[in-house]
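Got a structure for you, written out below as structure tokens; questions coming shortly.
By written order: A, B, C and D. Residues from 1 in each chain.
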Amino acid sequence: MDYRSPGTVKEAVDLLAASGGGAHILAGGTDLLVKLRTGFVAPKLVVDLKAIPQLRGISSDARGFRIGAATSCAEIGEHAALGAAWPGVVEALRLIGSTQIQGRATLGGNLCNASPAADSVPALIAAGAACEVAGPAGEREVPVERIVTGPGRTSLANGEFVLAFRLPKPPARSGDAYLRLIPRTEMDIAVVGVGVALALDQAGVCTQARVALGAVAPTQLLVADAAAALIGTRVDAKALAALAVAASAACKPIDDKRGTIAYRVKVAGVLARRAATIALERAQAKRG
Amino acid sequence: MARVILSGTLKQLAGGASELELDVRDVRQLLRALGERFPELAPHLEGGYAIAIDGEIFQDAWFAPIGPDSEVHLVPAIRGG
Amino acid sequence: MNDPKPIGLTERQWKVVGTTPLRPDGVDKVTGRAQFGADMHLPNMLIGLVLRSPHAHARIKSIDTSKAQALPGVKAVITSADLCDLPSEFVPAGEMMVNYRDMTRNVMAREKALYEGHAVAAVAAINEAVAAQALTLIDVQYEVLPHVLDVDEAMKPDAPLLHDDMITIGVEPKPKPSNVAKRVEFALGDIAAGFAQADVIVEREFLTRPVHQGYIEPHACVASFSEDGHAELWCTTQGQFIVRSFCAKLLGMELSKLRVTPSEIGGGFGGKTVVYLEPLALALSRKACKPVKMVMSRTEVFRATGPTSGARMRVKIGATRAGRITAGEALLKYQAGAFQGSPVQPGCMCAFAPYDLENVKVVGLDIVCNRPKVAAYRAPGGPIAEFAVESVIDELAKQLKLDPVEFRLKNAAKEGTRAAYGPKFGPIGLVQTLEAARAHPHYRAPLKPNQGRGVASGFWFNVGGDTCATLNLSEDGTVSLVAGTPDIGGSRASLAMMASEELGIAYEKIRPMIGDTSALGFNFLTGGSRVTFSSGMAVVEAARDMVRQLRARAAKIWEVPVDEVTWEEGVARATVGGVPKSLTLADIAKTAGKTGGPIVGSAAINAQGAGPSLATHVVDVEVDVETGKVTVLRYTAIQDAGKAVHPAYVEGQMQGGAVQGIGWALNEEYIYDDKGRLENPGFLDYRVPVCSDVPMIDTVIVEVPNPRHPYGVRGVGETPIVPPMAAIANAVANAIGIRFTELPMSPPRVLEAIDAKQAAQSKAAA
Amino acid sequence: MAKHHVTTTINGDPVEFLCSTEQTLLDVLRDVLYLTGSKEGCASGDCGACSVTLDGRLVCACLVLGVEAQGRRIETIEGMAKGDVLHPLQQKFLEHAALQCGICTPGFLVAAKALLDRNPDPTETEVRYWLAGNLCRCTGYDKIVRAVLDAAADMRGS
């Protein structure tokens, strides 16, 4: 197994394209190294993307925020402006693993590992985030929810990788939140994860909402019915109850070692309600 | 004569005898006496059991004294983690 | 730091015992210098790896190692043919009764692989990569057999048999072969008459699942066999002497040809009282004539070592309206794993031990199934049975409208009480722990909705056993202390403290170490909460032996009879010709060569008289009724230590045991797929408590001295894991009105029960 | 596949080593450089016993490739005491009896130091969540948390 650490996007694209699928991308390594150790993957080549400047750091412009795909969660969590704009996204990515994992794990890795339970993904989807994707055919922008196609599978073509994440500027009077259920307080994989982003008009009526669920289907789900339950309401108890029902109804989970179907379905509704309540409080707090 | 009490599995192996009086002065004499009276019991006594003499538990202690009025229980040896 | 102030009941004025000096091995452990099992490197060392069965139950038709053997860099390949086969009989090994037929088969499968992860072959090669490649070249032909994982399935008439010749011991007439290895029974009084006197009877079924000891350090060893048939073994173990016994037997060696040196040990909790890698490393080294290092991966630790039993139990207890228990009955069915030897017997004995009962009957069954052979885990057998009993006790108290502490006090065992397993107790401290619980501010603190408080008590025997200790007096008056029980939690400190107390010299003047198997006579292992008790007793005796010699030397120097020489606070004194004379220990040490030679105090004992330790725990929980998640809010552990030599380490045992119990109660379990393969062999999905899961664990040390120990010591290490499961179940019942009889109380299980209760309520309302 | 030649800094010292791609930083520290203070408890980032800092960031050495150490700055438990002076955390762990078997101790100390370097006055909850990636099976965490809080107080005072 060889290791390369290209310094430019082109070099990385060429290496990956030339490997014909025999290469594996290394970003934070928190998933890859475990897979290497257990023999789950045995690539001929590991391509470390962390030396490419475009994949590192956080910047903002008129469109919003750009987060390099290989930026560690610890670094992202320390970015005050991002945390103020998208607290739900930041709290989600701060939940990925321990402090030690935070020092290494990246948003690009969390997404492209394509686990249905990845914590950052429902929050990014709810926030309407997109990926800058680089590849042999050049660069393109793809909504986050279009990347993962199934457990361990993505829509990225051979030689493609995620360069960065684009988060829009949050609308006025908006808020987002992410909640997950794990058996312990830390160190677990989400049994259910729910990201909610919503915006209110001046009267406090919800005008926009996005609700995304994790760990309840082969991919994260963007649930239009759940959003519809909030839009046009004051996010009151009745709307929240309807949201919970819609979230639960959207689940297509499996029974596995981390949870049962019945449990995931029920808790998805509970967490959707609780996350929406937090998002609402955050949106209201921005009113003044 | 010491009062010797067998219970559970040992009682079964001793053909149901639960209590007997034995003229023994220490643990080794006790084990010998039991083994002679109940040959089925003998292989189980070697190491697998502790002897409680008047409430105090002895393990692997042949010469622990047994008094003439002692109450003696055979209990499974405990090892712990 | 918080200064532990035990509730002391001893009269003696202590100088060192009861203080909290820094541990002698501490600096090595905070700087990374301490050498644990996997830290040993030798020149020319090979790396050994194990090939493990992918099947839960399979006949091994053939093993072809020729391709692996031929791989460049491979130095040795072994199978079960390289270890001795031994007859099925329980023979004494050191102090344990061991069935070597089972042990040799557990270490390396012979006729059959009996669990997923069962070792079937091993290789030693010049590095890990070559060894790993060699494993893939070993061709094992299996005939996969139906498997059985749980006791109920294993007891069905048509269940697949693990051992075709297993006849249940303890049943007459002899039954036909089954998976039930043994039936044990303990009875007192007349159970039917007892229940006839009861006004209230509670009977419940319980289910617990196996839990792993979860030590952070995986098993590891280095073996080095020389061409002349002598061998050295370094390993992480709770007992270097039992490792020597086991390995010598499995390799067909004389004991004197094998020296075992225990490394620092990274946790054991009972799980390092057996051998796994050690005989394999020795056999590989014997073939390769080079040192061989073997270290388990975490996955291997989960698939092939530990755990303690899962169990199916039925418990029935009756009591009068006045709150006196009239009868207790239990049926305990424990998983043994692939070979007989679950801790069901001690489980039976512990079940009702905290209570003064006239009528008791406990039946235990030891049942094999296609899981790793269980190993001891902290108070082996006790926590399982006492979870069931303490849950029923709580329910009875509720039905009788009695405070649960009050109900326990009405029935608590005390000095003179006949234990359910036969003998009468000496002085024990259950009543004191219950009274301390009742008096604790925790017991009266207010609770909010969905919060509940639970109480449970626990019992463990503690043990003594073969123990040696040596005190070598150096020329400068310092002392090196050699003990034979690996230090798993600070025992070098407590042993040095006892030597200091007895000799009357400063704690810092005594350097304790753990000897290898050539340094001392036989020592039984670190386990059964015996180290501070037994090695402590040996150290005190060795110190007294040294003091006798010191007084004799002083007497010679002063030319007075020895009985005129006193020893106090490290100084020999006598009045010689009307003049008071004194010699310090250092003075005598300086001239020891001239007065008769070096001074060595030693003791070699079989420590008897271990005193049971009892505990009462109080816990507050909060239940998230929408997700089923249980959070521990507050925890207080109260325990009788006899005498706490180093109270901070006693507290540490209580806190650690409580948190292990919290894990057992809430989240820890093995998850198998339908082929009998473990799905969660790692710390990600085998969920031990993490730092943010738990609150501070308050402690109260009670001291009811053990009259059989010179300082009153009882063991303390095991009892703390006994009460937590029931205490938490009782707290959950008080929080949400639902009684859990199944562990762990994980969120899906709790939510399912809450939903079922709500469904039943709305049905009743409709 | 030829081995990689890696130049790095460990505990302030320049270090060179050879490693294959498969070898983790933990493998290199323990088996190549004999810095065995970092422990392997799981090799999957779940126990924290191999905690080190990489350019000041707390990481699990088992989840870093050895070759990634090129040009980086690594701190391990072996670099924590300065000469014969223990770090306040090391001293407080001893005073509070915050270790029993001691296998997790190096990882806890490295992790706790990384916390106090960033946050000199953490709350109990912050300490507990920061250290949630470090498993201890012996102590129940109580004395560890107290030791960290006490060390923090001491370091603020000095």
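Heads up, the rule we're going with is that contacts are C-beta pairs under 8 Å (C-beta built on N, C-alpha and C of every residue); 3 or more make two chains touch, one makes a residue touch a chain.
Keep in mind it's a predicted model, so treat the numbers as computed, not measured.
Peer 1: Could you tell me which pair, C-D or A-D, is linked by more C-beta pairs in contact?
Peer 2: C-D
Peer 1: What's the distance between the Cα centroids of subunit C and subunit D, rounded to whole Å?
Peer 2: 29
Peer 1: Calculate how many whole Å lie between the centre of subunit A and the centre of subunit B, each centre taken as the average of the chain's C-alpha atoms.
Peer 2: Result: the chain centres lie 68 Å from each other.
Peer 1: As a quick test, compute the distance in whole Å between the mean CA positions of subunit B and subunit D.
Peer 2: So the centre of subunit B lies 54 Å away from the centre of subunit D.
Peer 1: If a residue has to touch 2 or more other chains to count, which residues of subunit C qualify?
Peer 2: Correct list: 213, 268-269, 683-684, 689-690, 692-693.
Peer 1: Among the residues of subunit A, pick out those that touch two or more other chains and give their numbers.
Peer 2: Where subunit A meets two or more other chains at a single residue, that happens at 185-187.
Peer 1: Send over the residues of subunit D in touch with two or more other chains.
Peer 2: 20, 22, 43-44, 46, 129, 131-134
Peer 1: Mind listing each pair of touching chains for me?
Peer 2: A-C, A-D, B-C, C-D
Peer 1: Show which residues of subunit B lie in contact with subunit C when the two form their complex.
Peer 2: 5, 7-9, 12, 46-48, 52, 54-61, 64, 71, 73-81
Peer 1: Looking at the complex, which residues from subunit C come into contact with subunit B?
Peer 2: 90-92, 95-97, 169-170, 172, 183-188, 213, 268-271, 273, 345-346, 349, 375-380, 421-426, 460-466, 527-530, 606, 608-610, 708, 715, 718
Peer 1: Across the complex, what residues on subunit C touch subunit D?
Peer 2: Subunit C reaches subunit D through residues 1-2, 20, 22-23, 25-27, 29-36, 38-39, 41, 129, 213-218, 264-269, 295, 297-298, 488-490, 646, 648-649, 651-653, 655-660, 682-684, 688-694, 696-697.
Peer 1: Under the definition above, what is the set of subunit D residues touching subunit C in their complex?
Peer 2: Per the stated touch rule, the residues are 20, 22, 30-31, 34-44, 46-47, 49, 76-78, 80-81, 86, 90, 93-97, 99-106, 109, 124-125, 127-129, 131-146, 150.
Peer 1: Applying the document's contact rule, which stretches of subunit A touch subunit C when the two form their complex?
Peer 2: It comes out as residues 38, 181, 183-189, 191, 257-260, 262-263, 266-267, 270-271.
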